[in-house]
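Labels run A, B, C, D and E following the written order; every chain starts at residue 1.
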Amino acid sequence: RAADPVKLEIGYIPILAASPLFIVDGKGWAKEAGIELKLTRFESGPHAIQAMAAGQIDLLYAGVAPVLVARTKGVDISVIANSAVEEMVVAGRGAFAKAVGDKPTADSFKKFAADTGRKVKIGTQPPGSVPDTVLKYWLFKVVKVDPADVELVPMGIEKTQQALLAGALDAATIREPTVTVTQQMDPGVVLLATGAQMFPDQPGTVVSARGEVLKKNPEAIKALIKAHVRAVDLIKADPAGSAKLVNNYLGKGLLEPATLEAAFKGPGSNFVADPHKVVPAVEQMMAYTKEIGSASETVPVAEAFDFSFYDAAAAK
Amino acid sequence: MAAVTLSTKPAASVIDLEGVSIGYGKDAPPVLVDVDLSVERGSFVAIVGPSGVGKSTLLRVVAGLHTARGGKVTIHQDQRPGHRPVGLVFQDSRLLPWRRVIRNVEFGLEGLPVSRDERRRRAEAALKLVRLEGYAGRWPYELSGGQRQRIGIARAMAVDPDILLMDEPFGALDAITRHNLQDELRRIHQETGKTVLFVTHDLEEAVHLADRIIVLGGTPARVVRDVRNSAGRDGSVFRDQVEQLRSEIADNYSI
Amino acid sequence: MAAVTLSTKPAASVIDLEGVSIGYGKDAPPVLVDVDLSVERGSFVAIVGPSGVGKSTLLRVVAGLHTARGGKVTIHQDQRPGHRPVGLVFQDSRLLPWRRVIRNVEFGLEGLPVSRDERRRRAEAALKLVRLEGYAGRWPYELSGGQRQRIGIARAMAVDPDILLMDEPFGALDAITRHNLQDELRRIHQETGKTVLFVTHDLEEAVHLADRIIVLGGTPARVVRDVRNSAGRDGSVFRDQVEQLRSEIADNYSI
Amino acid sequence: MKTRNKIALSALGVIVFLLMWEALARSGVVPARLLPSPSAVPAAFLTEFRSGTWQQMVLASLSHYLVGLGLGTLLGVSFGTAAALWGRWDAFQAWVVRMLRPIPAIAWIPFAIIWFGVSEGAASFLISLTVFWINYYASYAAVRAVDKDLIELGYAFGQGGLIPRLFKIVLPGALPGILSGVRAGLGQGWMTVVAAELFGISGLGMRMMEASGLLATNIVVLYMVTIALLYGVSDFLFMQIQSRVLSWQR
Amino acid sequence: MKTRNKIALSALGVIVFLLMWEALARSGVVPARLLPSPSAVPAAFLTEFRSGTWQQMVLASLSHYLVGLGLGTLLGVSFGTAAALWGRWDAFQAWVVRMLRPIPAIAWIPFAIIWFGVSEGAASFLISLTVFWINYYASYAAVRAVDKDLIELGYAFGQGGLIPRLFKIVLPGALPGILSGVRAGLGQGWMTVVAAELFGISGLGMRMMEASGLLATNIVVLYMVTIALLYGVSDFLFMQIQSRVLSWQR
């Protein structure tokens, strides 16, 4: 078995929620389990999903939304574990952050819009993505903002941060480690809502795999998920050590491990490996997606999940 | 491109035009009509006529560069390896600006079964013929008008053609250079028996060199006069004969 | 571009060259050296010399298109609104390919205080002078070599210059057309008193037209002969005189 | 070749292309969800058209495109010509240009955001950038290659001053090269529209991104075909105008 | 102008540019975290260089770039020339080209992934695409504009066959235009390197994106300067070669 390792190509989005993958690889746990990992970085979920649909990658650490969307398009992929929840937060800056404080209300939005004579500009990702959905949920369900007072600007993850810092946006949905980095850079950046405030148990990054791969290498996947669970536990137990390790993959030479450690400890990081726990929230989110019209069909969420691997890993 | 019938059958004539009419564009009136012309092997034919009558056009048709509208053009060519059947001296010198002088002269030799050295040797000989042996390494833009024209002559000479088509080759040359080249041309013609079709606007030159003078005239142009010239062959040009031909031709000019 | 001193002071001469030497590039040997030349107002000067001696170069220096290496070039010009002091006929016709014939002829008139209609009128008159009034709407590529050259002449004539610089203007023209244009040129010269500097390789033409013939020769070239020609003015060319000059010049040629 | 034959051949080309595409899509070589067959486009068009999205997106992108193209072309031709004309200016800017030239549109986005905010202007700015460079280089080379003899002719006939020289000799002489640059920019502009709308400016590009995020590839392809048609028509018209303007070329 | 003066002017240009940049960065008009001053670059370089990242990224991108550039240029010149030479082929492909031309690199990414996987090849493919189009149009126009008289000359001297005509007349005659296209492609290629490395292929572009995502703008600028230098040097060398090759032009 050691002579013939199973090769798995894993795609990821360079966000903190992919940390378990980095730890699994960095600690050499995959190799121990006889798996040879090849990590491929993607800028966004859709790109990664396209590569997955084309059979170019086997597993993926990415948001749950693109996975579900891909399933509705008939791509055979399943969620086999969870990685993190409640990632997205809403950050504001400048005059807007001052005006609404850390307890935003519908009135404070309206007042700001009236005072400045323009809508509040909030940057997020394109419709259908998790950030867009949870932001809308927060705005219209939680804070109950008048839709006439806000303008949602869909853009790429990294453009959102730039636009926020450049002052082109009043607020934006961002996630770790950017939350920490942004706050370090610009003290004027204020957290308007945490992930939990936006959408309780807000679904986030999951581990998904192609059906074909699951059938071919069930043992290897099981071992990998076991390592994943171990990694999630390690992050909670030893954020500092994890930060050092993760830094080799995420922002090497761009970030201090201390920043990552702060990010691990911050409110935007909540690692949960158990896929069972996120299903209700995902269902709720899907329902809301349909309500606001970003999706025309709902997927039976449970079908998108394959718990067997996690269950097997957790049982042992 | 060529709408010329090539024939390798032996014949007394090398160029045969039968009822040829030529024009530019589709709907424009023809430039030349009803041209019947048979050029014997080894003859030296001068073509004269007013500016814009169609001399260059006729030469381009014979060279296969322009397709006649009607009639038949036949070229009887020999198969001599290492030579081109036809060599053309353009009215504008038409050098390739990206080739130095020597490479411009070599141009026609490329693609022939001739070794590199032989090619260079022949090009150098041709350059020497036009007295520009010192200019081999120049770019065309570094030449004077007359030098450029002579390179064009050298290029046509280098391929050692059976038929030499020359479109006012000495037009930009001073009297002395011109005389020298005329003598060279006559010598080559006599020694090698090339057929020469020679457009010129200088009647004296025509009488001096050619054994036959074709006068084009009219709109559309046709052959208005076809004179055998006995003066040329023995090299002695008689003024009277020139004068006579001149007035004869002048009558046939119509500008 | 011009390294020519322009002077509006009245003077007997219009063009003054003093110890002028001319060359291309920096390190290349000079083409012309020690040229001293004074051209009187209203005179008709022919420049002859072997191919490549530097005739065109000299003309380009006088026109201010090329900077002499040493010496002094002075042009005494009148201020006549609606006219250019100098008109140049290039050896190659050098037409702008993107302008139709008439617009090529108008080229030199643009920028002068001349109305649109007047410009067109003058261009048409110039076209008529060279007998190409029917060709106004053609593109340059639709012309024969001689026609192109005549457009170049018309363009220079249209600006009605005081000094007319002509570089082998009739080189590509048949005898009859050439004669006609020679006559026109002589008439214009006599009627308007223009100063003409005329490069030619045709000695007969030089003797026929010019009242002074400058012979360039040698390497580097200099003025080897400066002949006053009495024949030109009264229009009667004597063969003997031509012959005499020819042999005289031939002695001075060095190719 | 006759115009009729030309049109027939072009139509044949497009048909062959569409058939090959359809065949590829049906063969399953490419997963159907990544490459819908062309026959799926009309249906997608109808949906998008009925909802008015299509018209809205096309108009939005067209306006970014036209502004960007116009500006980029104008400035590119001007700067390229200037650099080719004045050796001093050329030397001065040569290395600055070399530093700015390879910066990709994506890296300019922060500046676009700073200078224009998340606005139409920013998208036009990004489009004009790529168009600028193409025109800059095309014009530079074309002006450099103008026949020096013709410039001399200009001097000889009193057209040697900057303005007449530029407009009567240099620009007409460089026109074929400049127009080829403009034509290349015409396409490059559309290629950049998508990138320029990546950061929250609505238009075809954004719609395509949205659709691609939802793996609605039929919508993506619809907009690709839309861009293709818009470009095709503009390129065709440009070619017609060009062949008029350059009718002096044989 | 003397070479020495030229170099001095170029240096002056770069210095003025850097000073303006430094002034802009310090003035606070642009937020410092979005535009670091040029003086921050050397430090960033040292860190990246010591860790070996710089060398690794440069080499990786350089290989994508060179392969993409070579392929794109070769194919672009070939297809452009072919289209300009054969009217039939031109008519056949005209509208297909019009449909494919405006498709942005980003839209080709799925195909790149399908055909090449997430691999170096895919990045090179995307780079070669943009380079292809620029060369296609430049060559097309240049070949079209070749002096018909010279082609006639070729026929007159037995060089009218396809091969000699192409290599002895058409290509040399079109060379100035073709080279201007190649030069434009040289820069366009670098502009595309970043976009081509957006989807998991490591290199300068990926590093820049990563840094930009983490707001490490000094690193972003370091790599921008790196690209600028790489391009600057290659463009400079290209210009030297070009002026040799085109020495027959006055």
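As a convention for this text, a residue touches a chain if its C-beta (ideal position, glycine included) is under 8 Å from a C-beta of that chain, and two chains touch if they have at least 3 such contacts.
All of these numbers come straight from a predicted model, not from anything done at the bench.
Engineer: Go through the assembly and pull out the chains touching chain A as well as chain D.
Structural biologist: Neighbours common to chain A and chain D are E.
Engineer: Would you kindly count the fewest steps from chain A to chain E, each step being a jump to a chain that touches the current one?
Structural biologist: Contact-graph shortest path, chain A to chain E, evaluates to 1.
Engineer: I'd like the Å distance between the centres of chain B and chain E, where a centre is the mean of that chain's Cα atoms.
Structural biologist: 49
Engineer: Any idea how many Å lie between the Cα centroids of chain B and chain C?
Structural biologist: Here chain B and chain C have centroids separated by 29 Å.
Engineer: Return the distance between the CA-based centres of chain A and chain B, expressed in whole Å.
Structural biologist: Using C-alpha averages as centres, the distance is 83 Å.
Engineer: Two or more other chains in contact with one residue: find those residues in chain A.
Structural biologist: Residues 50, 54, 162, 166-167 of chain A touch two or more partner chains.
Engineer: Indicate the residues of chain C shared as contacts by at least two other chains.
Structural biologist: In chain C, the residues touching two or more other chains are 92.
Engineer: Tell me, which residues of chain D touch at least two other chains?
Structural biologist: 31, 34, 110, 114, 198, 249-250
Engineer: Specify the contact topology among the chains shown, as one of line, ring, star, complete or other.
Structural biologist: Per interface graph, the chains form some other shape.
Engineer: I'd like to see which chains touch which, written out pair by pair.
Structural biologist: So the chains that touch one another pair up as A-D, A-E, B-C, B-E, C-D, D-E.
Engineer: For chain B, which residues count as touching chain C in their complex?
Structural biologist: 24, 48-52, 54, 56-57, 91-92, 131, 142-147, 150, 167-168, 171-178, 180, 201-203, 246, 250, 253, 255
Engineer: Spell out the part of chain C that touches chain D in their complex, as residue ranges.
Structural biologist: Those in contact with chain D are residues 1-2, 60, 63-65, 84, 86, 88, 90, 92, 94, 96-99, 107-108, 110-112, 139-141, 155, 159.
Engineer: Enumerate the contact residues on chain A facing chain D in the complex.
Structural biologist: 44-46, 49-50, 53-54, 66, 69-70, 73-75, 121, 123, 125-129, 153-156, 159, 162-163, 166-169, 294-295
Engineer: Report the residues of chain E in contact with chain B in the complex, numbered from low to high.
Structural biologist: Per the stated touch rule, the residues are 149-150, 152-153, 155-161, 164, 168-169, 172-173, 175, 247-250.
Engineer: Within their complex, state which residues of chain D touch chain A.
Structural biologist: Answer in residue numbers: 31, 33-34, 109-110, 113-114, 117-118, 198-200, 206, 209-210, 212-215.
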